[in-house]
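Consider the two complexes below, in which chain A is the common component and chain B and chain C are the respective partners.
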Partner chain A sequence: MRTLFAGILLGLSSMVCLPANAVLTIEITQGENSGVPIAVVPFRWHGAGDPPEDLRGIIAADLHRSGRFDLLPPGNFLSHPSEIGEVRYKDWRLIKAEALVVGRIFEKSPDNYEITFQLLDVYRETQKAGYRFNATGEHLRQVAHQISDHIYHKMTGVEGAFDTRIAYVTREQQDNGDRIYQLMVADSDGHRPQQILRTTNLPVLSPAWSPDGEWLAYVSFVDRRSGANVWLQNIRTGNRRKIAQAEGAASAPAWSPEGKRLALRMSYKGNADIYLMDVASGSIKRLTRHPAIDTEPAWAPNGRQIVFTSDRSGRPQIYRVAAAGGKPERLTRGVGRENARASYDPKGERLVMVTNRGNGYQIGVFYMADGRMDLLTDGTLDESPVFAPNGAMILYATRLGREGVLAAVSADGRVKQVLKLHRGEVREPSWAPKKN
Partner chain B sequence: MGRPLRGFILAVVVHVAFGALLGVSLRLQPEVVKPIYAEPVQAVVVDLAAIAQEKKRKTDALKKKKAAEKKKKADALQKKKAAEKKEKAEELKKKKAAEKKKNAEELKKKKAEALKKKKAAEKKKKAAEKKKKAEALKKKKAAEKKKKAEALKKKKAAEKKKKAEAKRKAEEQKRKAEAEKKRKAREKREREAAERKAAKEALARDERDAGSALGALVGAIEEKVRNNWSLPGEFTGLAVTISVKVTRTGEVTLAEIVRSSGNSLFDESAVTALMKASPLPFPEEPRYYEFIKEFHFVLRAKN
Partner chain C sequence: MRRTLTLSVVFLLGVILGGCAATKKQGTVEVEDATISGSDASSTATGLTTGSDATGQIITVENDTGDADDLLNQRVIYFDFDSSSLTPEAQRVVEAHADYLAGNPGMAVVLEGHADERGTREYNLALGERRANAVTEMFQVLGVAPDAIRPISYGEERPVAMEHDESAWSLNRRVEILY
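Up next, the complex of A and B:
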């Protein structure tokens, strides 16, 4: 009998492997990417009136936006447990959930809440994570983002970046024709926006977070006559100072990873090149020297390289140069007619950039190892892309009808979401680092 | 130019002159002046007898002459008038007679023509009636003839059709019979071929059935596990080997990592996929169970 089947299985070698010990081996390769099916049960509210925030909604939106999860619709839930003791795992296996999130909010006293949550493994019937928080009403959204971060970390092995802030610029036309520019800071989901700077008819450009999340560098104008200049503003105190006092206009600031230097585009005698500035002393060092335009510098996470946009080959492409100086090397070849505004992911393996393949401007991810590029978006005027601090998402500016809006796309391009932030034009996002 | 004419012209001139003097416009139509006939004048006795005699004689002669001329003229006129009258009367008489004659002739002619016409009409009428009758008769005859011909034609066509139909049926029957014969022959050949083939393959059949059944089974298991496998990130290049034990109904009772990928999240996701896929699609025939109650599963990330 055994010999007969051994003979049969020989003929099936392409799909069935029979090792010497005669144990059948089946082999599969992962199919199309799909998110992990997760059920987030609405948090049970123990307090007067309605719960102050929809924690479940905030967490579900975060997890969905990351592209790593498939959020199961609450309408399919067979039960609504709020802690591990109430969970019947069979209910969740029936709807094919792999992970389950349960939680509750206690109103201990007015505006004082205790929040608990547990992340459960449906098939192993175990707790993967569980935390308790105390917060006032104004911090409940932040608690929800922290819960999202815990879930994301536990499920993916990568730090979450939901409890982070973003900066961006808005432009609004007043009835009297004045243009109001605002530098804004908001939660990573676009909620709780705060104004950092407001100018009338003087554009604000290129905000960039310092690695400690304390400062924003940006480009602004003192008045209409003088050129653009780079400013540093402390987001806690509001103190600001102008740097780059040199005679040429400065723009496109980028912080070095250790936070001591800025890479800038500066124009002396009409020719734009990349310069490095010591933030403390203000001393300036020239990094590139070419009659073409060199601009939009960005640091590698290791601080040793800088990528920038240059049209020295005729059209804008991405080049890399050692931060210590040297000959720039072209990175983007055969991946789009034009490429611009590159920046690194936190591991230094990928660049995100604006690419033009002849049908408008989209966001692409460029792999340093093999020089290939994946297109993530399909807009016609997508711009200013930036990785989330965990490299899992990309924030960029795009058009929604006639409006300029910010959108987030998962790093694999699977999930896109527009962040509703503001009336008028929203542009030039910058993602703050995660604070520990 | 004679005197009277001169006098006439003078008279006209005088008349015109006076007319002009009197303011009477002269019309373009001249007035006709009638000749004046002198009246006979009575002789007057004079003393001078001879002269008078002579004169009287001359006058008388003239008078006689004039009277004669007058009488002659009058006679001539009278004669002429009478002649004209007579002529006219004769002419009238002639004319009347001619008219009378003409009328009579016309009447006669008319009567004759009317009679002729009447006769002709009658003749024509008779001819028309005759013709009509002849045509009706002709038509009737033609219709009858046509009817007869058509009936005959129809009859002939029907007969022809009937014959053709019969022929066709016969041919079809023949053809059918042949086709049936051929079909039977072919079926017989095929059956025999199939039987030969079946006989030829009989020895290998069990083997192959078992193989394809197991192959299909493995495909179904692969698909179900793949559909239940969700990865929480990118794990390029990783692979994990899991030992799987199943019951006779396909329930996974054990999924144990025998060769880790080195990444616990990846390993866990693979085990979860097998648990979610349980029960695995399993065969109805129990003879396969021996071979898949325990097997190895290799799950590989996309490259």
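Up next, the complex of A and C:
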């Protein structure tokens, strides 16, 4: 069944001629459609020509991707109000909407817009939220994501993560055999991609956002004959530096929650261990001391523990150690023959990781309280999972046919969406923390 | 619980005016690899390279299982899944190169370790390093000076075979000996 669908998708995508910048999303929805039925009315446009952005489309895509909402098709709407005074609640009860979003965009002057919206409870006939924004054209997508965040928060009690950014790595092979790597930053829905780094034949891996969203740490290579290094690059200025290392390779950077330290893998005398480095001074402290491979550290939100991957028991498993130092304890027992690349959710209650139960590599969510693991995906080479800043969604890398792509899955596994962001392969997503 | 599997294809054509997806904005950094360009699909060289002695000195290896030149022409050592142990065949190749290096103190090698794509990228970076280290250790035991050996790892990032099956994976689990 799945290969049939994959075949249909490949056939469709090869028939369509896309402009080079198109973001194609391919959706695979499983399970009951039991999200909250919500109607988002196209925003009324007060201005010349066509509206500069389809705010309704952006908001609907956000809410749908969250897995918590059942978006009612606009073709069924009996009326098109743009503010609470125009709403006939009967029209919305008739199509079984529980929540209604209405809004307007005004062009106050060229490239100067005012956007208003209201979120309404159809049964109680009351307003749940309403906001006004002012923005230029280039910020309209961001306004739409902020509106999605307000709606999501009001309806679920959980903060939204739509007005956030992601980073990822792309790789394209040229006709002459050169492989071009790009480190990209984009909106959390894949739009507005921006190139941060471009290399020829030098792989880029493991991007990691600093907590203030200003820096990306990543792994790359100086030249063909040197090992992996960790770099820190400022997103706005492009300034970058290689972190100091005495000898051997360094990789797998992870920022501490207060942004002052990095946990990383360094190899001293050929042995990969976890080290902590003070970002400002470069001073390092060795955290693990074992001939096994120790790598992929990730900080707990309280900054006091670090989980990491180690194969000290034979195959890779997840261990936890105090950031202040101590004996690591194994966390993953009886949940897969291999587990790796664990990272915490924002509350510190769950880990998302790559797990192998004997049928390839899938994404699993591990519960710290009782040690059980739920499988979220069913690929064979799924990898690099990362929680959204609100813990409600997971972004990861997977394969679609022959290509590497990113996919988003709701944390309960119900809704999955592939994001085809770029020509060539896409991998290694990282989700920036929400800025306050 | 009734499970319904529905499929819909949603096209969101975001037309970005003016520039391509790789628009250079402030903050872009470009890095070129200046040392070696072109395809890396099969970078193993045949024969001896710049270290060739003009008189064609033959290095003899003290075993009778293969021609010494054949072993030195082999620049790639292969490994089993998740393993960094040297097979007997691999050991013979390593011995041949170690003897050559020990006898030519001016020569140096880069040992480039690799892994197949299974498992996470960071784990594979360390696994490739472990394989390069296994060859390094054997070199050192056989008398090669430590500063004549540079072990590095590319993990799963530079496969020579791009398919997703064991025949490709077995070609990617390797250490390349680069003079």
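The rule is simple: the second predicted complex is superposed on the first by the 402 of 436 C-alpha atoms of A that agree within 3 Å, B and C clash if a C-alpha of one lies under 4 Å from a C-alpha of the other, contacts with A are read in each partner's own complex, and residues count from 1 in each chain.
Basically, a residue touches a chain if its C-beta (ideal position, glycine included) is under 8 Å from a C-beta of that chain, and two chains touch if they have at least 3 such contacts.
Fair warning: this is a prediction, and the values are worked out from it, not measured in the lab.
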{"item": "First (chain B), second (chain C), both or neither touched by A:N359", "value": "neither"}
{"item": "Partner chain(s) touched by A:R192 [first = chain B, second = chain C, both, neither]", "value": "second"}
{"item": "First (chain B), second (chain C), both or neither touched by A:S281", "value": "neither"}
{"item": "Contacts of A:M155 with chain B and chain C, given as first, second, both or neither", "value": "first"}
{"item": "Contacts of A:S109 with chain B and chain C, given as first, second, both or neither", "value": "neither"}
{"item": "Winner by number of chain A residues touched, once chain B and chain C are compared", "value": "C"}
{"item": "Partner chain(s) touched by A:D412 [first = chain B, second = chain C, both, neither]", "value": "first"}
{"item": "Contacts of A:G35 with chain B and chain C, given as first, second, both or neither", "value": "first"}
{"item": "Which of chain B and chain C A:L202 touches, first, second, both or neither", "value": "second"}
{"item": "Shared contact residues on chain A - chain B and chain C", "value": "5, 8-9, 12, 16, 19, 23-31, 33"}
{"item": "Residues of chain C touching chain A in the complex", "value": "1-16, 20-41, 82, 110, 117-123, 125-127, 129-130, 133, 136, 150-155, 157-158, 164, 178"}
{"item": "Residue ranges of chain B touching chain A (in the complex, touch as defined)", "value": "207-208, 210-211, 214-215, 218-219, 221-222, 225-234, 241, 263, 265, 269, 271-272, 275-276, 291-292, 294-302"}
{"item": "Residues of chain A touching chain C in the complex", "value": "1, 5, 8-9, 12, 16, 18-33, 57, 61, 176-179, 182, 191-203, 205-206, 219-221, 223-228, 233-238, 240, 249, 251-252, 265, 267, 270, 272, 293, 295-296, 309, 311, 315-316, 338, 340-341, 354, 361, 380-381, 383-384, 399, 422, 427-428"}
{"item": "Residue ranges of chain A touching chain B (in the complex, touch as defined)", "value": "4-5, 7-9, 11-12, 15-16, 19, 23-31, 33-37, 68-70, 93, 96, 98, 123, 155-158, 412"}
